[in-house]
Amino acid sequence: MDSRIYNLMEIIRPRVKEVGFSFYLLKKNKLTLAAFYVIVALFVLAILAPYIVPYPSHISDEANVANKLLPPSGEYLFGTDELGRDIFSRVIYGIRISLTTAILAVGLAIIIGVPLGAIAGTIGGWVDEVIMRITDIFLSFPPLLLAIAIVSIVGSSLNNAIIAIALSWWPWYTRLVRGQAVSLKERKFIQAAEAIGTSKWKIIFSHVVPNTISPVIVQASMDMGGVILTIASLSFLGLGAQAPTPEWGLMINTSRNYFLNAWWYSIFPGLAIFITVLAFNLLGDGFREIMDPKTRKR
Amino acid sequence: MISYIIRRLSLGIIVLLGVITITFTIARIIPSDPAAKWAGPRATQEQIQKAREHLGLDKPLIVQYWRYLKDCIKGDLGYSLRTHQPIKEELKAFIPATLELVIIAFIFATIIGIPLGIYSAKMKDQLLDHLSRLFSIGAVSLPTFWVGLFLQLIFYNKLELLPLGGQVSNEIKILYEIPRVTGMLLFDCILTSNWVVFFDALKHYILPCITIALYPIGLVARMTRSALLEVLNEDYIIAAKSYGLKDRKVLWVYALKNTLGSTAIVLTLSLGYTLVDTFLVEAIFSWPGLGNYVATAVTTLDYPAIIGVTIFSTACYVILNLVADIIIALDPRVRL
Amino acid sequence: MKKILCLVIMICILGAIIAGCSGGQSTQVTENKLKIAYYAFISEPYIDFDPSVEYSNGIIVLHNIYETLTRYDVNTGKIEPLLAEEWTSNEDGTVWTFRIRKDVKFHDGAELNAEAVKKSIERTMDLQMGAAYIWDCVDEIKVKDDYTVEFVLSYPAPLDLIASAGYAAFIISPNAVDKDSAWFNEGNAAGTGPYKVQQVTKGEEVILAKFDDYWRGWKDNQYDRVIIKKIPESSSRRQLVEKGEAQITSGLSVTDIKALRENPSVNVIEGTSWTNIIGFFNTEKKPLDNADFRRALCYAFPYDEVVNDIKEGMAYKSVGLIPRGLWGHDDNLMQYETDLQKAEEYLKKSGVNPEGLKLELTFTSGTEELRNMAQLYQVNLKKLGIELQIQEMNWDNVWEKSKNSKPEDRQDILFMQWWPDYASPMSWLYSLVHSEEDILFNLSYIKDENLDAMIEEADMLSATDRAEAEKLVIEVQKEVLDKAYFIHAYDDKSVWAADAGFKGFKPNPAYEGVVFFYDTYYE
């Protein structure tokens, strides 16, 4: 009982301190802060998308071929696509698709990667060796290539793309958590738990894993940009979302056919990818700087 | 030191074996029958059976795995289901064009990325630093396939300045003999001093190279900046400065020398990204490279070809990383 | 200050390089005296360079290098002589005698004779790859004399038509006929055609050069060189033709075609195609085993929108299974129209409850028109309360799913193109309607003995009594339409964009995608 309370303190304290300090530094870096606000705005847009877009029925319920490929105007802010649907509505709705798929992919990677890393770091020995060699193998595939191979062979769909991305992304979390777990082993509360004979599994899942949550979340926010870009790339290759899903990569892929007649069709989804990925990468970069003690010094 | 290198090498071999095992697994979960694809549409049952025997698919899985492993080690990547040609030969034909693109992109990355990183570090937290940071992070946030399309729209369609795609113009191709030594066109032109073809080809290289180079440029600039900031905090730099050495000299000579190693490593590590970027961009520029080959393989589900490219690129990536690691081990100055 | 100067100098150098390049090029163009025809093709020019094996794009190259005994003429709808001067058959169509043209030379100098014809076709039959099955009816090939060859068939078949096939009917030089596929795939070829191979780059392009000894002779304004090059992007192909770099291209998106119609320096050429787009219902799965339900789905399909808005008039509404321009096509057959009210009625009649009903639609990915068509169909079905799930896949995955041993694990609706190997409607009936032991292309899974008998009889009659055969073909289609086994989406048109100076080209549906460059000339 005692040790549990102690653990709780250990868990909460450093996190609060860290997050608070980080936010203070975040405020200092204007570019990072701007990126943070953009991301908040993107999430708000994603949640409200079905209620705020001018033509919600243009997502999948309606097509109006007579209005196809109209240039941007007051009525259709970003113009219309090959089936006469409002590109603005679809691009805004696309935020929802991109953010949810990216969160799912990263989440799945975390679900696979974190326990493995915790096990490797806590148990050590040959278990550690085997798990880490497997992560080495997965990390040695050039990024995206493993996902391309998997999805093209299993069949293209957004779900398969999410699974394939998670399969090529989990080793990063394993490595991160393993490092954390190794250093946690030296901490008093873990040693205390071991001394009173708590089982290894219990230590892993009730002590080690909860303690790695904050770095994992920071890492996940840094990864979002890359994952969104990967999903868009897969969809661009025809290996991701299926029509009529308003996924940005798929929209650019489709727009290639109308490229010379309808520049607006490819420019807006492309800009949407760029802004979203840029915001996440700026935030990630800011985080990296904040957390890297070497650059923090100056 | 030697024991470290041996350990690192043996790890590299384990990794490669693991890569082969994973690709074998992926290739076996394929939902369609490769033999039926080999035999072509409207094939009879006997034809398919014949194809199955020819491809060794009638053997037990473990035998297939053993054979696959042996073949891979020998460099034999099997046959394309679509063209029935050995994949090794097809890769040989397509690799040089991609390799050349990647090499040029890396040259760009060095000559643009490093100075950008240096200025950024020198003027930390000033406007130039912010702009350069925005540029370098922007460069890695852009969907390359989209950039390629837009460069074409601007430079081919609107300005009519640069060609749309391909490596050489058709007239040139017919009037002049295209040199083929290494398969890397610009390089071959220099080797044979074929300047007419060289200048024509150069025009064709500009857009794809810019598109591909954006990513490594951004990465190198970032890396140089942060490595430099780190070095600038080191005692000997501070000491050098306090001795009254000029800022510029400290920056360019002492500090930079110590960051080049980590920059080189970032470059090798970014090879994976750059290679995959060429896969997305080559189809747009009708570039006769690996990416175009993969794109066709993906649309026709030519899985041995997809797997072949995967193994090849991964092996390159692993070997380069290995080399980078050993360099780090040998040069005590270089620390990431 | 110094830095800015450096930058300026750098920019100047870069500009000079670009300018230098363009300068270099323009001087080269004036030196160019050879006339070149450049065909920007959507995909690889060939897959297998072996003329006995190739069953894909490669015919666009091979038909300029090799020739066949006969050729289908699109203007007359008749079989015209090519390497065979004339031919006869016995009354029941089981023995065919061809007289071979004299004084025809292969590229390697060999003479064309009866022996060369026999060996070429036997090679194709022995290899049993690609479309070799078209010769299945042939029992024996006899050389009667130097220039006469006789085919003995095991059952009646229109051999003059088969000899004109787009695939697997090429005549190869006696010096090359014993070589294996690997030899051909090194870029070797030896035919009698007007062009010989100059250079091949696998997967990318083929350059052909005029064969001076070609038996039909040459005129001044014909092309000396032919380039067939892969340009996958529609917009790239369009730009190449617009700028006069490419002489001809096809497979452009409808918007690109629309823009090109306004351009006086580009000719848009339309021709018939024997390709049609068909939707297959999974009749072995509930609720699609119900004919009334299938009729409801047929009435919900957006026929006119597809033809007018998606294809922009570059297609015809299908009437029956057999496309326009082939015998067996009948304009008076019953047609389904887009009529949601009727669809609603049939839905009621079928007793199927549409609530919560999900249907899976599969088709090969990468086809823009099919994707748009599927999305419009999805919108219409939604109005009936049916949810359509669109699944684009690789052809192999589409096909594998359709061949699943459990009917309930297969797709509900599948869209596919169909075109014949030679000018005959039997390909549709045999492959798509006739029952199959192992599923191949009968993807509505039709099993009807009555239809089978009619198809078999029509096939036998096609060699001897065309009129009678045609009646049966129409009867089969009536039954198929009544049972609503298929959605007859549209008959494709063959649409090309050519440079205004590129003349003499006429698309021939029997040889899809082929430009017979010998027939073309410049102005």
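Here the chain labels run A, B and C in written order, and each chain numbers its own residues starting at 1.
FYI, a residue touches a chain if its C-beta (ideal position, glycine included) is under 8 Å from a C-beta of that chain, and two chains touch if they have at least 3 such contacts.
Since the structure is predicted, the reported quantities are computational estimates derived from the model, not experimental observations.
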item	value
Chain with minimal offset from the mean of all protein Cα atoms	B
Which of A-B and A-C has more C-beta pairs touching across its chains	A-B
Gap in Å, rounded to a whole number, between the CA centres of subunit C and subunit B	37
Centroid distance [mean C-alpha coordinates] between subunit B and subunit A, Å	24
Gap in Å, rounded to a whole number, between the CA centres of subunit C and subunit A	44
Subunit C: positions in contact with at least two other chains	233, 239, 365-366, 394, 397
Residues of subunit B touching at least two other chains	31, 157, 295, 299, 301
Residues of subunit A whose C-beta touches two or more other chains	152, 155, 238, 256, 259-260
Subunit C residues within the subunit A interface of the complex	233-235, 238-239, 253, 255-256, 258-259, 305, 309-310, 365-366, 368, 371-372, 374-376, 378-379, 382, 390-394, 397
Footprint of subunit B on subunit A - complex, ascending	31, 133-134, 136-138, 140-146, 148-150, 152-155, 225, 229, 232-233, 236-239, 249, 252, 256, 259-260, 263, 266-267, 270, 273-274, 277-278, 281-282, 285, 292, 294-295, 297-298
Touching residues on subunit B, where the partner in the complex is subunit A	11, 14-15, 18-19, 22-23, 26-27, 29-31, 124, 130, 133-134, 137-138, 140-143, 145-146, 149-150, 153, 157, 222, 226, 229-230, 232-233, 271-273, 275-276, 279-280, 294-295, 297-299, 301, 303, 306-307, 309-310, 313-314, 317-318, 321
Touching residues (chain side subunit B, partner subunit C) in the complex	31-33, 37, 40-42, 44-45, 47, 82-85, 90, 93-94, 152, 156-157, 161-162, 164-166, 169-175, 196, 199-200, 202-203, 206, 283-284, 286, 288, 292-293, 295-296, 299-301
In the complex with subunit B, residue positions of subunit C that touch it	17-18, 20-22, 24-25, 28-29, 31-32, 34, 36, 38, 43-44, 47-48, 55, 128-131, 133, 181, 185, 201-204, 207, 225, 227, 229-233, 236, 239-240, 245, 365-366, 394-397, 399-401, 431, 438, 440-441
